[in-house]
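Worksheet: one structure, shown below.
The first chain written gets the first letter, and so on, giving A, B, C and D; residue counts start at 1 in each chain.
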Amino acid sequence: MAKSSFEYVKKFELDDTLLPNTWIVVRLDGKCFHKFADDHNFKKPNDLRALKLMNYAAFSVMRDFSDLLMGFGQSDEYSFVFKKHCNLYKRRAAKLLTTVTSKFSTSYVYYWNKFLADQQLLYPPSFDGRIVLYPNEDTLIDYMKWRQADVHINNLYNTTFWTLVQEGKLSPTQAEKRLCGTVSADKNEILFKEFNINYNNELEIFKRGTLLLRMNINTDVSNKCSTVIVDVHDDMLKDSFWRDHKDLFTIKPNKMFIYNGPITEIIGAQLHDRKLLYISCYPKTLEKKH
Amino acid sequence: MAKSSFEYVKKFELDDTLLPNTWIVVRLDGKCFHKFADDHNFKKPNDLRALKLMNYAAFSVMRDFSDLLMGFGQSDEYSFVFKKHCNLYKRRAAKLLTTVTSKFSTSYVYYWNKFLADQQLLYPPSFDGRIVLYPNEDTLIDYMKWRQADVHINNLYNTTFWTLVQEGKLSPTQAEKRLCGTVSADKNEILFKEFNINYNNELEIFKRGTLLLRMNINTDVSNKCSTVIVDVHDDMLKDSFWRDHKDLFTIKPNKMFIYNGPITEIIGAQLHDRKLLYISCYPKTLEKKH
Amino acid sequence: MAKSSFEYVKKFELDDTLLPNTWIVVRLDGKCFHKFADDHNFKKPNDLRALKLMNYAAFSVMRDFSDLLMGFGQSDEYSFVFKKHCNLYKRRAAKLLTTVTSKFSTSYVYYWNKFLADQQLLYPPSFDGRIVLYPNEDTLIDYMKWRQADVHINNLYNTTFWTLVQEGKLSPTQAEKRLCGTVSADKNEILFKEFNINYNNELEIFKRGTLLLRMNINTDVSNKCSTVIVDVHDDMLKDSFWRDHKDLFTIKPNKMFIYNGPITEIIGAQLHDRKLLYISCYPKTLEKKH
Amino acid sequence: MAKSSFEYVKKFELDDTLLPNTWIVVRLDGKCFHKFADDHNFKKPNDLRALKLMNYAAFSVMRDFSDLLMGFGQSDEYSFVFKKHCNLYKRRAAKLLTTVTSKFSTSYVYYWNKFLADQQLLYPPSFDGRIVLYPNEDTLIDYMKWRQADVHINNLYNTTFWTLVQEGKLSPTQAEKRLCGTVSADKNEILFKEFNINYNNELEIFKRGTLLLRMNINTDVSNKCSTVIVDVHDDMLKDSFWRDHKDLFTIKPNKMFIYNGPITEIIGAQLHDRKLLYISCYPKTLEKKH
């Protein structure tokens, strides 16, 4: 049995190196998650536990891939952005795409009980992934804005739709008809006038999705900053966000940003792993250290 | 906030449709599985529980994708072969690659306790995947032979290596040196003469890996055959295997092969789901029904 | 001035190797050839001189690339088929595509005067090219049939259209209307009944396009066959053609086919170059030598 | 004969759209041009007529493709740069690559007699082409510098080599040995000390290659500028060149640059076509009009 006589089949594996010096985005989407959400009694329109599980799975990915600059998630989708000079796996598309997809997928199942302990996972879910290149910061920023604009549009619609159904006792078909042709202002008004709901008071995680970034955090270890992955809900549609974060693209991000927000599960897990205590001593606003 | 003004970024997603009328192979590999196996106390050189978990995860994939013709696994890798006329996801490479990778990955974690209940899963593992096209049966068959030849070569080496270490009390370095330059016959002789081990008596699953196929099985429901995914360990290096299975490539496979082997966990799970009993009434050899 | 500091830009050239073991087809099309034909007074619906120039340019390509198995041309397009095991330029797509395109293009201009000496070439024309893979003989044969079916459909239409215009004194718009909705039989009837033209008597080169193949030819040099590129107009839509030529795909083609037709410009040029005389001694039908 | 039954083969043509918003470079290289140059008695180390023919063929390409921003040529190679927002042929790679290759190729033959009238073209030459994407200005500029650095290195070597052979009466092998291991300064010294040749006095076209750009030119038609393709030999290795030309990338180039150099064949041809006279009235330095 000659090994080499079959080895030629390796030649059918074609090179899939990605164009250098471009931003690599991997976006994952839950497969048949409408059904999955129903099967697992996810709360409509948003299930906070399920969103936190998504975020934690994404955090698990970012912890593994130091070349990941940021992640952004909403509903059953997550985007990951690799640094433009990333040379991991020599930029081979399938390697990057599948290792991210796989780690996210296994983490989703592995951490299920951390967030949905009282709901049995009935079967293994799955996620599809795609890989997209953005050649410059402008197009990458527009990509991030596109995804966050999508959160807003979907969440306002879903919040109004499910309020009409759950509180307004409309059937789904009636709610759909009611919303047909409405713009944002109309939906805000329905919520406010008919149900006394101020959409602005909805949770940031619902309205804006979750952004994962690497930031510095002040800890008890004297004078030393720790870089951690933080989960925030900033408004990326504002240009000021990108002005404040423009160093994200140009220099080592973990040198730059001081985090001063609450200790989330994700941040807590990292401090715990490193046996660190968090000391908040910075003013509330996000600020850069020079 | 105009949705459409960012939508243009979708244009950066390029088409990755695969050449029609070719065999699509997706191969998965465990990432850092040497460490993962050590961390989880996998038995050397083969851990039957871990192999069965791999097979079960692969079965979980095949159950989801009816366009998958066969799967073949060994160690921490698994290959999946789509029918050449497969048009799932319009043959888009990333979709096919990631949904298979994701389903396999989540299944591996989900079914962990079914096979390794006494070993806690310490962290979510991950798998990388690649997609390769084979334009005709000959090259596809050589691909399958390549992977099975690889099982033989690796397993004979690993069996001898770990016997030298575990029973022969050699250090890994000494065992490696001892095996340097040896051919198959030499390793067989070491096993037999020094340790009284007849390599031929090793488990088929170790020597040949596992092939997943769709076959018909005789059940108690009168006159009706059920198609199930079976896990077998046939010798694909023999041309007779491909002669016997040549219909696999040309017609609907589930119309053709009668399975008459033992009821494995994989087969049992399917019968259980369908509330069927298995009645073996066929002679032991694999035969085609015309 | 350090050469190496800029060399990194070479890394942006990505690999474009074509899948091995597949038929590579390069198809060229004249760019804006409607205008080019008008500008150069090409006869409607077919200009024999222009078709011969196309064939000669294609012959010039086939002479250069021994891996080309056949060519097929009609109107302002030409297809070239590389052997499926072709490893020229390591199967890099751009190399194969551009060298064929370029050689065809320069030959078209270079040989212009050989066929259209009385018509000045007013400006350099151009051709676009594409490269398509066919994984097996069946799809490749269907490709060839597709192109020849196209010749038939277009030529019957064009012949009828231009007869209506040139002899029937219809305006182009009237001719178009007249033909709208007609099938082949209708067009044949118009030609025959109204203009006494039997479409079957049209030149084969018009009705079927031109196939370039390598065949053996009997010459005066004792007992020795010479392989030459021949231009024939066989009916590839008939299955018998592919039965007769099935060896084309499986063995060295130049070992197999004896040519017994007329000495065309293309064949004559090759005999002339090799200082050979042609002796016809075979019966008229195409036959294989065993 | 059903047309549609074969049409399915069109599906094997896969999409090859290029990433949007990136600079598309097409580079052509003469195939076997060492032999071609010998066969056609090109002067060593540089044949001005042959270089001018290359430039004219490139000009013929740029005249056809308004989306081409610049061209750069040396020896038997030419690079063409499409605007980054170019959407010609929907950015399909093969279309862009082959139409440029084909037009250049036919133009080379078509204009042969314009520059090498006393040398018969013995056979049609050919050029291969490749397509490369650069995601941003920095990498594109480095590409241009890379090609021009290459001119310098090659030309200094070739000039010294052929001077040693032609004037120094060394054999090619002896000249090669003599130059082995030398740096630029050594070659300059050989030329100057041994042959009294100041390399700086060599023609700019030899030392720097030719850059084709669109610029404005002052003509007799009152107050109106005409945009023409100009052939210049600027030093692109200097950063000042890119500072002066930075508008090339950001705005419509033909709005910006005033040309004030000599009327070359290329420029003359365009003025002639448009029946314009050139009036030079600008100071010698290149200047921007605001």
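Just so it is clear, a contact is a pair of C-beta atoms (placed from the backbone, for glycine too) under 8 Å apart; a residue touches a chain by one contact, two chains touch by 3 or more.
No experiment lies behind these values; they were computed from the predicted model shown.
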{"item": "Equivalent interface positions on subunit B and subunit C, same or different at half", "value": "same"}
{"item": "Chain pair with the higher count of C-beta pairs in contact (A-B, A-C)", "value": "A-B"}
{"item": "Computed distance of Cα centres, subunit C from subunit A, in Å", "value": "55"}
{"item": "Subunit B and subunit C, separation of their C-alpha mean positions in angstrom", "value": "47"}
{"item": "Interchain centroid distance [CA atoms averaged], subunit A/subunit B, Å", "value": "33"}
{"item": "Touching two or more other chains - residue numbers and ranges from subunit C", "value": "12, 14, 19-21, 133, 139"}
{"item": "Pairwise touch network: line, ring, star, complete, or other", "value": "complete"}
{"item": "Residue ranges of subunit A in contact with subunit D within the complex", "value": "19-22, 133, 135-136, 139"}
{"item": "Residues on subunit D engaged by subunit C in the complex (per definition of touch)", "value": "1, 3, 6-10, 12-14, 28, 31, 60, 64, 94-95, 97-99, 101-111, 121, 123-134, 139, 142-143, 145-146, 149-150, 152-153, 184, 237"}
{"item": "Touching residues on subunit D, where the partner in the complex is subunit B", "value": "11-12, 14-15, 17, 19-21"}
